[in-house]
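The letters A, B, C, D and E name the chains in turn, as written, and every chain counts its residues from 1.
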Amino acid sequence: MHTKKKYSILEMVLWTRFETLLFLVIIVIYISGYFFLDLQWLKIPWTPLALIGTAVAFVIGFQNNSSYGRIWEARKIWVGIVNTSRTFGMFLQDMITSEYCQTTVDEEQIKQEIKILTYRHIAWMTALRYAMRTTKPWETILKQRTDREWGLLPPEMENKLENDLQPYISKNELDSISQKANKQTALLYLQSHHLRKLKEKGLIWEFSFLELEGVLQELFTLQGQSERIKNFPYPRHFATLNHYFMWVFILILPLALVPQFGEIGNEIATSNPVIGKFFVWATIPFYIIVAWIFHTMERIGRTGENPFEGSANDVPISTIARGIEIDLRQNLGEPIDSIPMQYPEKHHTQF
Amino acid sequence: MHTKKKYSILEMVLWTRFETLLFLVIIVIYISGYFFLDLQWLKIPWTPLALIGTAVAFVIGFQNNSSYGRIWEARKIWVGIVNTSRTFGMFLQDMITSEYCQTTVDEEQIKQEIKILTYRHIAWMTALRYAMRTTKPWETILKQRTDREWGLLPPEMENKLENDLQPYISKNELDSISQKANKQTALLYLQSHHLRKLKEKGLIWEFSFLELEGVLQELFTLQGQSERIKNFPYPRHFATLNHYFMWVFILILPLALVPQFGEIGNEIATSNPVIGKFFVWATIPFYIIVAWIFHTMERIGRTGENPFEGSANDVPISTIARGIEIDLRQNLGEPIDSIPMQYPEKHHTQF
Amino acid sequence: MHTKKKYSILEMVLWTRFETLLFLVIIVIYISGYFFLDLQWLKIPWTPLALIGTAVAFVIGFQNNSSYGRIWEARKIWVGIVNTSRTFGMFLQDMITSEYCQTTVDEEQIKQEIKILTYRHIAWMTALRYAMRTTKPWETILKQRTDREWGLLPPEMENKLENDLQPYISKNELDSISQKANKQTALLYLQSHHLRKLKEKGLIWEFSFLELEGVLQELFTLQGQSERIKNFPYPRHFATLNHYFMWVFILILPLALVPQFGEIGNEIATSNPVIGKFFVWATIPFYIIVAWIFHTMERIGRTGENPFEGSANDVPISTIARGIEIDLRQNLGEPIDSIPMQYPEKHHTQF
Amino acid sequence: MHTKKKYSILEMVLWTRFETLLFLVIIVIYISGYFFLDLQWLKIPWTPLALIGTAVAFVIGFQNNSSYGRIWEARKIWVGIVNTSRTFGMFLQDMITSEYCQTTVDEEQIKQEIKILTYRHIAWMTALRYAMRTTKPWETILKQRTDREWGLLPPEMENKLENDLQPYISKNELDSISQKANKQTALLYLQSHHLRKLKEKGLIWEFSFLELEGVLQELFTLQGQSERIKNFPYPRHFATLNHYFMWVFILILPLALVPQFGEIGNEIATSNPVIGKFFVWATIPFYIIVAWIFHTMERIGRTGENPFEGSANDVPISTIARGIEIDLRQNLGEPIDSIPMQYPEKHHTQF
Amino acid sequence: MHTKKKYSILEMVLWTRFETLLFLVIIVIYISGYFFLDLQWLKIPWTPLALIGTAVAFVIGFQNNSSYGRIWEARKIWVGIVNTSRTFGMFLQDMITSEYCQTTVDEEQIKQEIKILTYRHIAWMTALRYAMRTTKPWETILKQRTDREWGLLPPEMENKLENDLQPYISKNELDSISQKANKQTALLYLQSHHLRKLKEKGLIWEFSFLELEGVLQELFTLQGQSERIKNFPYPRHFATLNHYFMWVFILILPLALVPQFGEIGNEIATSNPVIGKFFVWATIPFYIIVAWIFHTMERIGRTGENPFEGSANDVPISTIARGIEIDLRQNLGEPIDSIPMQYPEKHHTQF
């Protein structure tokens, strides 16, 4: 997530430098044909093109709206994980008690059980954020040079899941889940089995057990929703078409634009022959501006489509998960220096 | 579900080759009239046509938005099925216990009951996905040659429900549900009866029974929502009109476009008589582009309207259901080779 | 609900024949003035008219979107009724038991109680669908000849509520609810009283009683939502204005359109005097097309506004309710011939 | 709420007569300048104006959509009140019982308690609807003459809250709540205290008590949502700007429109000097139409913005509340003549 | 929150005076070039510019819609806090009782416990509203002079959190939470521990304890949602692009506009040489109007983007929180003069 008010103009220029260059090449080819090869007759009327332009702007507008919808939903889901994690932490502390036990239970042992469950919850979040940051065939932002060069990598791409899980669960559990296809799910099953054992020992009142199982159910829901955004892209048939519509528009645009500047040039030529003759070259900046706006409008939508892709515009799930961890461990009463720090922002980017 | 970043240009060209041909025929007829029969007077003003074009682009934009809404909702529902299935599996494992039994119960027998219930749940999913893949009168994608030729069939159209149900429920139950109109519903009734019997035996605590019935209620909700998307198409009166509006626009478009190129031709003719004379034929590519954009925009919406139709753009319910099955059976502790594999992608398409 | 892929062109032409005729009359009057009375000067510039046209297309687009929203919500509500009915049926079967009874209860009597409750639920659905199909002052589709002639009537307009309720509740209950303003509400009160008596007899466990009351609460919610769509039309001030905007546009359109064709005619006249002279009459088909598109776009929205009006585009509540009845009675174990058949489709229309 | 299919044309004309007059004055001034003072040079190009017009139509379209959203949400909330009220009535009747009492309780006394609680619920609705019909600084519809003259006043503006509360709660309670800032809230606190006392007496089972408190919680939610719509207007900065944008457009429109008609006049003058000379005055009806459409489009949005303002387009909360009262009291078994009648519609307006 | 019907024209003019001045400078430079340096040839065709203008209006329209969505959601969340606070207050009063106590408990002590819990709830709200009013890197409204000068500061920027918390929690608790990163969360943990102790003492029935924990869970949800709106801005890549698109449009607009006025000037010059010569200067007001509309449309969206920024258009969380406090303490029975007054509106602005 970018945290400044705006990307700077320089950043925008660098980010779009390759297509800007491409537009320059396209328009120079067209104008050369017009100017050197005398292809003045190669033109199309402007009005139908304007209609295409409006239609393209319209469908891209809708697509960007959907793209925004996906980011916003992803944020809602991860804030849901924040909320449910806090609740889970609070419930564990006040629902695991010796009140209903027939034998006396050491207060220290209760604290230990709370800690194991809380840490396994952090393990679940860790497994989930690693799953979110794997790469899907339709996620290609990180392959584009201008996206890659200034977007640093999220922590999940620089570390390994096994290492990050180790501090939070026992060796046995680590082995057992490593064979499962969906590690997050396996961890929640472990949570449930643990709660059940505590209930059978009398450390959790039976109705509190149902409450806590309800929290696990909520976590399954949030996990599934997050996986949904990851696993189901914006429908490719819509995205494909909008992309090609935009390119068709950009590629036939010079056919209408260059002759318009040519005519203005002819008018000017009556009073100012030199400028008039070369005026058609003035199409260059104007074409680049129009093409740049349409292309960037579409690219910005594509960039935001997959909010867990690992780019600078992602939902900052590493930061969110670390924030929850700090919260949970502070409220377990751990000393502050034993708790890991928040991930630092790199170049105004939260991951 | 298509899993590449984009459909290739070749795929798009093949997919739309028949209408492209049709547009070619239309425009050649018009231009022939203009060129050979001297029907230059057959023209209409452009501005009102542009207004129609804008209005048509607008209503198709809204329709595609609704179409996207249907796909997205279908995905949400099936991810809801994923979530509730995982919860159901977890609840079964930790809520069927001998804790409240007055007589001792074999641990093996409990495992068996959990397995029967889990397998019957897989049977429910199987019945539901077969119901989703039947054909409705308004689902015609598979009848269009260009949709059919490169879209392979989903597994539900290659197998039979009875065969696919057999491994998961007993012969008796298979017979009893085969007479019911809605097999999914009947299976959930069986689940409820089973849970009730376990409760009466003391294997399920009474309040856990209420929780589990609540999960069945949730499954009824998800099943009903999925059936809603299947059984209620995008309202046909809206869809019909948008389709005809688009065709009216495409069919009268040459009346305004051909004369515009004709006039440009006349201008050119003053300096370049040969090109000027034949310039009107340059309408062909331009007309095809405009018509193709409007037609494809509408077709793409129609293609996405019914997300369980069996096309390449469907919500991949076979894959989702198989994924749940693998999850559930892995967590039952079954050995990996006894669990069926995920359906393979065919030509980058998940079913 | 229409169940074909599309309405045919013929159906569209017949459906809109009166306004098409009206447009013909309007445009012939204008052209006659232009042609015979030499009112060439009676014209307005086109550009501001295009602006009005765009604005009108825009507001009608929004209205149709809202109209679609109403239909879609109505379907969601009725599918909610399906889901809750299935749950209710299942809960009744597994929550009315002799398990908590202090005296022995005949299994047959329990079945009888389940049947009475299930049948009264069908009575509730029947009362609700009759309430949905009464006529409101703003529902006028059935008064328009072209809507009436090919839309057959829904079953609720051909039968009487009393007759349809008789098989499902006792004579006493029928009398008592006949005095109530809102029969659906009264029937749910009866359900609740019945459940309470069963609880007091020990046939329903106290916590199951709370669950079942929760289902009744859900039914009240669904009933109220359905009544909301029925009783609150799309706000009349929005609808009125859009309707008048559209007509203003259609009525002043010839003032800009006829002179445009007139000018084209003048141009043509230089090379082809006969065609040039009469060319202005070519406005007729073009005007009718533009007016027809704008008018139909608005009419289609109006047609879909009230999804329980009894028209061919309604949400098929009769079919849905009958489907639930079949489901419930099959699962009560009734023989198939004693259960009424689904309402047949008439002319591809589900009611 | 207006209950006819449409407002009549006459009603529309009367409703907008002042601004129509204003537009007439504006355009006559402009044309007079053009015609008498020879200010032909005072003109602006049309195309940028068209762009402004499109942008204005667009933002007003969005605003009207939001305005519609507010009305629709208000209706949902009040139908939620209907549903929860019916549920509350049903729960009271079947959850206040002598079943769990250790001492015998008179059946008559139970009925009395049910009645007190039901009546206090009606008092809560009464207090809420009075709160909804107070006047906020941004609610100015009733100050506009054309809105005021044909919109009769809602009952809450013709009666006093104290009088309307008297029949439903005791003198003591009336005194106690009269000192509270938010009377609705105070009434729900009273309900809760009453329920608690009944629970302590054993007239309500402890778990039913929790259910009933849940219903009160739901009522707090609905009350708060209704107060939200009342207390938070459509953001004034958006509304202000759209209003001024519209007026800027209307005020500079003649600068582009009058010269266009002037030019048409000049053309005409070649063949028809008299008409040509005065043709510029034909701008009057056309300008009024365009200005009227843009102004009315914006005004209609403003009119619908505040759905509890007391205007003819309000959500009919008086009628809804009275409907609930009738429902509740009929189901208490009160004789029909002792129950107040529904508020009559006045001039096709439900309040 | 602004509470008048509209901002006055003067307020608008003052608010936008700097950019208006900037537009004046821009256009004067352009016209000077045109007029004094004879750069008449420096022009671009209007039609592609109109297309850009439409596209820009479209994307800004969508952005403003999203911006409105954020404000509206923020209001919903804070009204959710109102509702849950009222419920919490009511539950505390009727669920903390001596009914289930084995030893007798002083009625006064119960009142004291209710008061401590209620006051700590006010402390939670206080901590939350202070957190909402901190400054984020992307919140820059208060740095703009025209926003700052007439927007007074919200109370949270004029007081200190510690001082505002002191009256509501004990010294010990104040110390303990002052070390926590998220004070709101820590306060809810304290609430839960307190409730648990009351449950262990028998002052809260075990099932009421679960209900109350459920209310705390709801408060966590609302807190998290409010923090989401605060911590996640409207995605910066969308916002950045729309901002630059708008400026590109404004900066190249004179290139098309000035020559258009120049041409009109040439026409006029034939009949009125003096006015004709200087007519190009008439571009000034018109350019400023167009640029002002596009710029203000975008600025209004930016202004509303962050609803907790401390500006005049914020959601009035200080007022809402104080309103809840008054409600809660009135219902605790405190005398009216001991309760703080509502924050006064300053210059028609609620904070």
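The working rule: a contact is a pair of C-beta atoms (placed from the backbone, for glycine too) under 8 Å apart; a residue touches a chain by one contact, two chains touch by 3 or more.
Note that the structure is a prediction, hence the values are computed from the model and not measured.
S.K.: Using mean CA coordinates as chain centres, what's the chain C-chain E distance in Å?
M.R.: Whole-Å distance between the two chain centres: 40.
S.K.: If you average the Cα atoms of chain D and of chain E to get two centres, how far apart are those centres in Å?
M.R.: The computed centroid separation for chain D versus chain E comes out at 25 Å.
S.K.: Going through chain D residue by residue, note those that touch at least 2 other chains and give them in order.
M.R.: 47, 50, 54, 58, 207
S.K.: What topology does the chain touch graph have (line, ring, star, complete, other)?
M.R.: It is a ring, because the chains touch in a row that closes back on itself.
S.K.: Output the circular ordering of the chains, read from chain C in the direction of chain D.
M.R.: C, D, E, A, B
S.K.: Over in the complex, which chain E residues touch chain A? Could you list them?
M.R.: For chain E paired with chain A, touching residues are 40-41, 43-45, 47-48, 50-52, 54-56, 58-59, 62, 66, 136-138, 140, 179-182, 185-186, 188-189, 192-193, 195-196, 200, 206-207, 210, 213, 216-217, 220-221, 223-225, 227-228, 232, 235-241, 243-245, 248, 252.
S.K.: Within the complex, which stretch of chain A touches chain E?
M.R.: 1-7, 9, 12, 46-47, 50, 53-54, 57-58, 61, 64-65, 68, 71, 75-76, 79-80, 82-83, 86-87, 89-91, 93-94, 97, 99, 205, 207-208, 211, 253, 257, 260-261, 264, 268, 271-272, 275-276, 279, 282, 286, 289-290, 293-294, 296-297, 300, 303-304, 313, 315, 326-327, 330-331, 336, 348
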